């Protein structure tokens, strides 16, 4: 452990709200690809990737080159929603590389640079377009911390942080929330029954994979049934692809595998590719009922992020190499997890490079995470009770390093189970 | 006008919500200090400064040097709330340069990198600490676009964007909202009267200068009376210093002149110094009731912004040179505005380097802004009906260039009045 | 049809919100027991009983006698919550006849004389006691029209009448809302999962039989499982026994059969016994956290209703004759309904003297109701689409007259099916 | 004091929420005109009149005769919104005696029999008609206890009873809330300023005299300015005439003196004339956008109340005798109050037969009320701190008895001031 690190100013000055620094008590100084280096020189293999913000690794050299060049030539840094060269490049590349090839006729809104800005803009738009106030959200959903996004988020502690009741949202059970019961039956009944007490919603907001919620995976048939039901009732579908978009599940969007065509899509986290703040809210062209300035934000024109985002799209999404690599690495991860599940009893869940394992002894998860840190591996837990070990390495990680990390993980799993066995 | 600029992708792809690009239809490629350069080579003198996000000018060379060096050495870019060297430097410098010298025993929270994140966190905290849901906000206030911040914002069009009723807020008239009536009398009566129907609030959120609201200035005695009243009722005072902090009014905080000691302070915009997203919510140590992770956000550890923010504090706030310069430049601006007011009839309002003029013919303001753009000067309008010409140049602008800009402005004022006279 | 009735003033002056008078376009002048007499002398057999407000029939002679005597001796009529002799008699009788024999150590609150007053008071109390804002309510529930009660009601048209979003309520599927799925599984999962997004509720509000909702019956085991789950989570159970209390299901309270001991109980409708406004909210002694006057209401001391309520309790609830009679009559009704179901295909639902039949051809229900009126029988429809024929005669109806009414109903069912068959 | 009264069942069974019985600890058995008689034979002169529900005195003999006759002939008692003879008479008489002579082309809605039902219906309708959610309400307003009405009520303790935040209401200062400042200036500024943060309201709800709030009187010019402002902004005016309608201020409606023509009017309390529950919500014909059954209520057809209401209208409102009598008696009351004010220093407020006095020593008011009870006079206090002695005798009180009561009051005022003087 990084016992020598000077953490005094954090302890003294920073709010008690801080959290990751408690789990990983090192002061980091350097980052490259899948490696974070602490002040004492210790290196950590990063299977956490900025909670999904670093799909292409830390300080990706190809993006870095573009970024430094742009800064050095005094490209515009801050521009609100003025037009800049960097923004033009970004929009054009987004269209050429992402939207047009997928036949998505979307308008793009820059709602402010964080995920919660994107979700708030999506919710506003859905309500404005439909004139309805209610929105459907799923159990265990995570969409952000500002009041609109928090209202659709499931986590009880975070919801309690609001200090006011969170309203205008109806909660629906996610896929497999009730074992084998198809939870869409309930939604369908609610929508078909005019006395259900569920006011007709403007939209449903969906994560196809609930990442923070515990790596809960919606299957493709379920997703398609869901979208069909919404279309029949003229309810908009918002996909929050903030954590699992940008290739995390293999394809650029997580909903491509199920062939969905969402009305509104939110992207952030890995969108800039470099870990700097950027987000977009995209929606079907005919939904663009916004009046000029009706939503704004100081940092909605973050040009440094446009530059790295453009570079990332050019580098990784003009062909399907990354998608294929995700497929291969996914198999590697799944293999390890299933073998651990065979040994200890566990549920393995995942798609692409977001994978999780929930052991029959749920309290091992935090122990595994802690043991991993001690061995130089960063893995976090997810789920309502931190009962799921969550693996989200950079998509670009070397296969060798991936294997090394999985080996470390196995050791930690063994240790944690031993520890629990001894304690009980 | 920049008629040759290729704006097709903006027109085709970007949402109708975009606004500044309509007023200033150029594609900008370069920025330095107080100058923005468009693709066609035209230079614009920037009296707008990123709506207050660029107090030290565009791409400030001293900050840029630190930024590039940090990127090049692969300093950590993205870290959530993990500990990093850059964050430690930032916290230490903030304490040494800003908090300690002013005797402010604040805890610092990194609530996400935008202003609205900071306001949402402040509102949550005030409600959590007091167990009350109501919050007081002023007429013409501007605090952000996410649902919590939007509820305290006054602008009707932006509020309508919510698509749901905005609640848990009681509106109070700002200073001089009712001419000579002291509006604190109403607040006092509301608070003293248990049947006023105004539920005892957790906090009042205050801009000492309402920037977006039309450069409305609260006087020091009024501010002190306000704070005393709140203290008597144990209501927290939140100062939203996002637009007028970081030296805009001369001192680092806008509330220093009135000797306030707010319970909670929000900073963003110019905090990073470089136009990149960063914000903090700071509060009295004893209010830090946050539990770990009760509020979070992917980009709350934006290290590039920590680097430039640290550089800005070191460069500009270790002495009072900038404060003095703001004083001098303020006089220059005020002199011009008062001379225009003498000529045309107008109300001049302002403090430090945020100044505005509202002519007796309110419809000249947009014409002035447009004429300015044509002359190579960026100035925006503010107020409910865009009736105020708002001047917020970088604090670091050369005095010559300031004078040149004011000269251009005078021409525009003459032209706009002529135009209106002809039309009527 | 009552074509000669002078209905001009209703048409001209009364709001379009009126409804029953459209279904039954007669002007009624006299009422006795199970018979309503129209101006033209036509008599109607009343299988509707004031929507459950007339369990002892119209103008019950034993109650009437007491009422007239009280009025004639100038007993206090209106007294807010002052003490009166009539109120003392009522409270004492309620205790002696209802509460004590059932071992219910309840406090009694007079919240205003209508059902919705009683529900609003119950919701307030549950929220005050627990400090929680959320309340659970069921699909197809009906609890009243004022904003608090309407928020827990399911009917979409009535909810839309609010003109504001209805909040602080989470909707749960009632028994058999999803066929064989035990809907308590969902509730249990919501409550056990801290990230379900369902904020821990103050209370659940329950009708053991959903009357307006379509005669949906909760079984005893389901009710017991529900109460156990709530107790485990320290969530209060409110039973709204407004429509099915006062003997409608046989016992005085509808929840006696399942052996529930609710925390809060609401009564109204047949409580006064005479069709005059009266309601009570009763709750476990230790929940009485009310401060004096924190809830009030001008007509909370309606002494004429106290007089008739006392008489009704004395007359009908000092022995179990009425309960037994309900049992016998219930069998008669069920027999007829099942024979109709055998003939036409239908679902028969009911307990005690609240019974309904939902035919496979749902559109026959309104035709049956209309045909019944023409034959001199008042029956209404219930359910989200008026698809259920609902039978709630006075409990005191003669067995002969009950049989006669059922005979008329059979004719109407035949006719309505013929009519539908011809039309299709 | 009524020390012998058997109050055990009240103490044991009734909720702590009860209040008047604490101030007046007698058990009342009989009531006639302005006299309440307790069990021990003691008579009380009633200057309280059921909080305004007994404008024609207790058990008014002319109304009683009609009531008994109707009951004895088995007139329909309970009818929901079916048509009955008694309801027809009521509607016709209301039109003939009240609406037509005043040129009011209103539709009449029977929203349930209590005041809060009437207010809830008014608020719903205003929101439905305009499509807006916000409503304006005044400081110190009192409109009822159900959630919609409570949201527009000012009293802090009662608001806290809700257990949820009360929303969709903006509070405005009533006339003279800020001394000589015309509070309509604030409202006007709020409405004219699109960035005031006060969302355009559906309606404003007004008591022309705030009774519970402390006998606060709006002057006629202020009321007219208010209505003109609302008309200019197309905001509906709801007059809640529940406490001060039915002749309390002289004319039938309290707004007649100021020549207002409200869009919506609520009546209850003295509407039935006999202290039994009845209320109406009336509105301009073109506002009747209700769909059948969109608002309902079990006791909206309370025929006993229709009978007495009809009798009251016929008896008292076919000529202006009552109005004239109110004028005379008002002078008598005012004379006494002013003479007390001269002696002790006090503010006298009132119109017609609702009058109040607020002494410079506010703590005397409860002492006066208590002393009065001991002398056989019922008077209550009003205002946020019970600082106003409130006089609302039956309008029909004998002039002698009125004088006698005022004499008793004077004695109480002397005693109370002596008591306070001694204590201090």
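Just a few scattered comments:
Just so it is clear, A, B, C and D label the chains in written order, and each chain counts residues from 1 on its own.
Please note the rule applied: a contact is a pair of C-beta atoms (placed from the backbone, for glycine too) under 8 Å apart; a residue touches a chain by one contact, two chains touch by 3 or more.
Bear in mind the structure is a predicted one, so any value in this text is a computation, not a measurement.
Interface residue usage between chain C and chain D, two copies of one sequence, is largely shared: over half of the residue numbers at the contact are used by both copies. Note: the chain lying farthest from chain B is C, by mean C-alpha position. Each chain gets a centre from the mean of its Cα atoms; for chain C and chain D, those two points are 30 Å apart.
Centroid to centroid, with C-alpha atoms defining each point, chain A and chain D lie 58 Å apart. Multi-chain contact residues of chain B (touching two or more other chains): 133, 157, 164-165, 167-168. Listing the residues of chain C that touch chain B in their complex gives 164-165.
Looking at the complex, you find that chain D touches chain C at residues 5-7, 9-10, 13-22, 24-32, 36, 39, 50-54, 58-59, 64, 67-68, 71-85, 87-88, 91-92, 94-95, 107-117, 120, 123-128, 133, 144-149, 151, 157-158, 160-165, 167-168, 202, 242, 268-269, 274-277, 283, 288-299, 302, 304.
Within the complex formed with chain A, the chain C residues making contact are 133-134, 137-141, 152-157, 159, 165-171, 173, 177-178, 181, 185-186, 189-190, 193-200, 213, 383-385.
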